[in-house]
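One chain, chain A, links the two complexes that follow: it is found with chain B in the first and with chain C in the second.
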Partner chain A sequence: MNLKKLGLVLTAAAVGLPAVPVTAMAAGEVFIPLLVYRTGPYAPNGIPTANGIHDYIKLLNARDGGINGVKIVSEECETKYNTKLGVECYEKLKKKGAAGAAIINPYSTGITYQLIPKASVDKVPVHSMGYGRTAAGDGRVFKWAFTAPTSYWSQATAFIKYVGEQEGGLDKLKGKKITLIYHNSAYGKEPIPTLKVLSEKHGYNLNLLAVDHPGQEQKSTWLQVRRQKPDYIFMWGWGVMNQVAIKEAAAIKYPMDRFIGVWWSGSESDVRPAGEAAKGYKAATFHGVGSGYDVHQQILKTIYNGDVEAAKKNNWGEVLYNRGLVNMVYNTEAIRTAMGKYGNKPMTGEQVRWGMENLNLTQDKLTKLGFKDFMQAHRITCEDHEGGGPVIFQQWDGKQWKLVSKWYTPMYDIVRGLVEAEAAKYAKENNITPRDCSKEG
Partner chain B sequence: MEFLESVTITPFVMIAQDFPVFFGEVVFNGLLTGVLYSLVALGFVLIFKASGVFNFAQGAMVLFAALTLVGLMELGLPVWLAFIVTMAAMVALAYLVELLVLRHLINQPDIILFMSTIGLTFFLEGFGETLWGSNVKKLDIGIPDVPVDVAGMLFNSFDLIAAIACALLVTGLAFFFQYTPTGRALRAVADDHQAALSVGIPLKKIWIIVWSVAGIVALVAGIVWGAKSGVQFSLSLIALKALPVLILGGFTSVPGAIVGGLIIGVGEKIAEVYWGPAVGGAIENWFAYVLALAFLFVRPQGLFGERIIERV
Partner chain C sequence: MLYRETGQFKTTYAADQAIFPIFQDRVFLFAIIAFAYIVIPLIASEYWLQAVLIPLLIFAIAAVGLNILTGYAGQLSLGTGAFMAVGAYSAYKLATGFPELNIIVVFILSGVSAALIGIIFGLPSLRIKGFYLAVATLAAQFFLIWMFNRVPWWYNYNSSGTIIAPPREVAGVMLTGPTATAETRYLLVLTFCILGGLLAKNLVRGRVGRHWMAIRDMDIAAEIIGIRLLPNKLLAFAISSFYCGVAGALLLFSYLGSAETEAFDIFVSFEVLFMIIIGGLGSILGAYLGAAFIWLLPIFLTNAPQLVGLSMPVDFQKHLEVMIFGSLIVVFLIFEPAGLARLWQIGKEKLRRWPFPY
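After this line comes the complex of A and B, so read on.
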């Protein structure tokens, strides 16, 4: 082999090396395609999430023989968090499996926006859990999209409730300065309308500071924070932007317990690079933290044979790993709900959509699944594809995340009004006639 | 009318109000950032000077170097030893690039060499991630990272030390390439490969030297930026911050990379802090390019770039 050929082989090997976990497919199995990003700039977020998803599928297959005896199979497709690649992955996987894709989790707001119109044609439900198009919470317009358990707009209201309580009541927010530092993208801009509505209602001054992708250099942003001297900072960040922001906040001596990130700015990879400087930083979440829940013990025992170190290598108990577990609870319980109506066999996307729309995760059901105290009971309906699930706040103590608040129910009266208005606008633009949910089976 | 006022009057009023302390802080932070931009830009300049090629892989080299360093540290090597081994790895990389890529492309059009560096980028990113993983890695080389108050202005001790270290490195390199025989040989190679070969300049050796130095510069840039954000894939995107610096300073000038970096650093900070609020913020990334392009109207070859006159 000459050197040129050797070079080509090495290059091909390097490009092709990342492993793509594929579970062997057979007739009679329910298929869940997985759009993941284990490479690229957002891989530190994508890897633990994907690992959590896989572990829960493995647990169900090993512990329960799948869902009602029907095994679950999955196949990963690497999106690199790139919208174009994400759409390609969707097209590649949507028809696979005995009954096609049961449900799709895009794991990117950009991909979600692209898939919503496609999914209604292909009849595959799209679940963007805590991201994506918030207006999709209106199931009358967005029949095939789900944002449960909660959305960016709901989270923004929970932020205000939380800081209001820190100040001694929402009325005490009058005259306070709140700065939103956001990723300059559709995702980062999501909470702005809600925070503006609430600033008019509660009288706080809202300052907006945008950070361009990727957010590696933020000196100007934090110089402006120095000048504004906000009482609280909210951050809607992603990827490297989070780590840099936390270090910059520490560099200007901003009190970290007044710096609160969105649930995508609150993972271990966001705080670890900052070391001690991140101590006190807070973030929202909609599930428990750590590995002290029943489901973790079951995973440890069933999948890792009790080997904690091996489990930790797969991000066991980390924030985004846990989010992957929660995501799969919604997906698999929707499939189980659908089976209640259509029988114990591989479910089609259309059947799972019905399952999502009739999903009722009671506390009793969650306890049986091993999620006691880990997530809150939740119900999705035909009208409401979000459900206004509660939000809780976690704080980094220098070594691990700890829950530091009660669960906050969003100001759903405000959020729902905004969701319906935005959905109506979307319906008009796309000639969609909203469904009459009273006529749905 | 209100908008016009917000971009023509308000920023100057704000500057006057902030002068001298806060405005000074903005300018000095811009200078500190500018030095770091210069460091990244320098890697591009070195290779462009030696081969006339825009090395698209410079950002990937920053990532690869930082990943290797932190990976070795995680394996238990002390910082100094990990640094030396990583330097050796970057020299080995330079040798391999010459052996496997450049040697086969002598006298090919520049665009072919440019395309080969794109291939190299994907290889280094993929290889680096495969070797060391994709998780964010904390990089702590022991430089203190605490706020420092200087006459009411707030700085970060890490930024100050990093800027001084980078300034020393950049100055040393400028001297090396300006006043040493290797530097002169390098400039000859940049002008014409064949002519340089005909007068006995060892082209392959020069390329290995210059890619090695660019690799070491990438390592220093990786340490500085990696310590700020953690070592992760995004480090390869840092190259984007160097482009306006190169446009402004010229692709062939080491002093240009330095001065260009400082101008871009200060310019984008002032623009973002004082003009950003008028247009919704996040202007510093594109403002840097606007600033660089404005300079091009006056000096198309960049501030310190060589003016090329071709006679026909």
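After this line comes the complex of A and C, so read on.
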């Protein structure tokens, strides 16, 4: 009987419990919500990214006292890379802080797709740096979304440019076999239209091989690769799919230097499980690798008191950690730009959106922030929320990633045409009238 | 004392056959409905409506659907996610293909198309039973999701394979799309949820429901007393899939806004199945209680440490949540295998004798 009573109480508790999230934040601080995934199948990628973001916020707060003297606060919310949890996190965090969420980084293409329509109503800018909806580069239709510095489609063109150069010119690509192995989701399907357009132009044969989520099972995929014997393999993978693919490629003795991953398939956790076999594997990126840059030394000194071991434990200098740093440079500099117009106080999402749109990261600014050579100067405008930033290639030497190419500018004229066409389609389906950028202040 | 039916005499057959014959039950139900319609939209924040209540009601619709099939007709199904996907994708195709069509009609039609698919995948149920049928419905889950992912027609040939709920209004009120307010979305979903529950409650206490229960309890005996198995089983599949289809369409249009097949994967099927097991198989109320338990408890556990002023790393909190949630399910099933609906019933019995239990 007592157990039943306990059951009754528990039922009442479960059904009737009001769970109101508390907000305990001092006024006068800029609030940056962080959607992270430190658990679940994609945690090995989520943890370094989140740590990089945190360390840069800590560095700014410690070194400069925030942005123009306004401190930055952040709050994490765990999404497990799941779109439903991502939406819940977004709803929970969007109104927090002194002036609401300044900017949001979904860190998942799926969640980005969810948030783009919502964010325009809630007036929170969404920055999907190098992921998300590529068409959002058209700022006239996607007023609240940013893909800077570069997108999947730009990257696909950079891939073709790169392999063209390896072959001795783009005209040599004629008749070559290129295979794309992709995660069968919105994310993985992104580059397909661009690669198709380019295959018509340059005459290579494109083969598409989809790998279903989460990607542990790829035997049949690699059987087909063996049969097709492609000259190059591109991979649009994420999480466990990457390491499995690299292991499989090694198992069929595919030449690793002809196997190139997207920038989300080129982190330490992707290649380490394959060990020696991964040696020679390449991946794209849009920032430097390693911990040899000024900002890394500053973080080491300010946050870790020079303790390299402690810093490395927090993924200091890893690929995705570095990407977290780069991401925060865009966000915080956009906030700084907005402050130039609206004054030094906590910025609202609306103000940060203006800051993002008028962001001009010059080489001087980057040097001053400690990002010399780490990332390229970049500019975002009202029409162009992407900017077609350059892409560089890195290679795994068995112990660490090394940059092995020059910077490649994407074939931005082609990408831009596709972006505008796709954005126009989206505008039509959703009754959006593209705004006139010449009238924006 | 308060809850006692003594003295409530039925003078007509209609009164005797009412869904809720006890006066207090009716009052309680109307109070809840009034609360849901009037008070909640006034007091609830956008987070509560958009991230907690709307998905809760949508999953409740799906759970009612699955409970009809599994709890009443006894056909174990693991295809709920797929049937929801059918609803979502047909709603998307209908809404983008016929922009003038009233969105409410779109929801109903997408339920109908899910029902048709449900009938097709229900056909094996005449020959296969129990766990074997579960495996057959698993085929629906994998095949349909595969199809929605691979056939570009379903997502209007866009590059990403994502379907986006277009904005639609009815009588000048924006019901779907990003500009629809959380309150209107909530009220729309609530209306579907209440009407669906009412319909289901009436179905299961009528002739059809009795057929289903007879089949569930012993199909050979049911056949001997003259119940035709095939039409009744297929009807259960059709109606169950109809509910799941409407829930899927609402999930896309009122909750997510845009979705890919990942939103309807096998884990959704499991989640809805857990809802009806925890809530109580063969009980409409149980479907609602189970949905509330499975959907609200993790959210509560996520926010609980903050409520009491504890701050802990999010990953630790998430692991803790999974552990507590899992053990609570085990505890529940040990103490009350018949689910929350049974607990509710026990509570009502106790209330009748209160304050003088014997």
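Everything below uses one rule, namely that the second predicted complex is superposed on the first by the 417 of 441 C-alpha atoms of A that agree within 3 Å, B and C clash if a C-alpha of one lies under 4 Å from a C-alpha of the other, contacts with A are read in each partner's own complex, and residues count from 1 in each chain.
Here, a residue touches a chain if its C-beta (ideal position, glycine included) is under 8 Å from a C-beta of that chain, and two chains touch if they have at least 3 such contacts.
Bear in mind the structure is a predicted one, so any value in this text is a computation, not a measurement.
Peer 1: Report for A:Ser269: first if it touches chain B alone, second if chain C alone, otherwise both or neither.
Peer 2: First partner only.
Peer 1: Between chain B (first) and chain C (second), which, if any, makes contact with A:Asn184: first, second, both or neither?
Peer 2: Both partners.
Peer 1: Thinking of the overlay built on chain A, is A:Ile192 touched by chain B (first), by chain C (second), by both, or by neither?
Peer 2: After superposing on A, A:Ile192 lies in contact with chain C but is clear of chain B.
Peer 1: Who does A:Thr39 touch here: chain B (first), chain C (second), both, or neither?
Peer 2: Both: A:Thr39 reaches chain B and chain C.
Peer 1: For A:Val121, decide between first (touching chain B), second (touching chain C), both and neither.
Peer 2: In the superposition, A:Val121 contacts chain C only.
Peer 1: Should A:Leu208 be classified as contacting the first partner (chain B), the second (chain C), both, or neither?
Peer 2: Touch status of A:Leu208: first partner only.
Peer 1: Kindly list the residues of chain A that each of chain B and chain C touches, one partner per complex.
Peer 2: 3-4, 6-7, 10-11, 14-15, 17, 38-39, 43, 47, 184, 210, 212
Peer 1: Mind pulling up the chain C residues that touch chain A in the complex?
Peer 2: 46-47, 50-52, 55, 96, 149-150, 158-162, 164, 166-167, 177-179, 255-260, 262-263, 265, 289, 292-293, 296-297, 299-300, 302-304, 306-307, 309, 313-315, 317-319, 328, 331-332, 335-336, 340, 343-344, 346-347, 350
Peer 1: Applying the document's contact rule, which stretches of chain A touch chain B when the two form their complex?
Peer 2: 3-4, 6-7, 10-11, 14-15, 17-18, 38-41, 43-44, 47, 184, 208-212, 214, 216-217, 219-221, 223-224, 226-227, 239-240, 243-244, 247, 250-253, 269, 272-275, 277
Peer 1: With touch defined as at the start, can you tell me which chain A residues reach chain C in the complex?
Peer 2: On the chain A side, the touching residues are 3-4, 6-8, 10-11, 14-15, 17, 19-22, 36, 38-39, 43, 47, 76-78, 80, 83-84, 87-88, 91-92, 95, 109-110, 113-114, 116-118, 120-121, 133-134, 184-186, 189-190, 192-193, 210, 212-213, 422, 425-426, 429-431.
Peer 1: Where on chain B is chain A touching in the complex?
Peer 2: Touch residues, chain B against chain A: 18, 22, 25-26, 29-30, 32-33, 99-101, 104, 119, 122-123, 126-127, 129-130, 134-140, 145, 147, 154, 156, 159, 225, 228-230, 232-235, 237-238, 241, 268-269, 272-273, 276-277, 280-282, 284-285.
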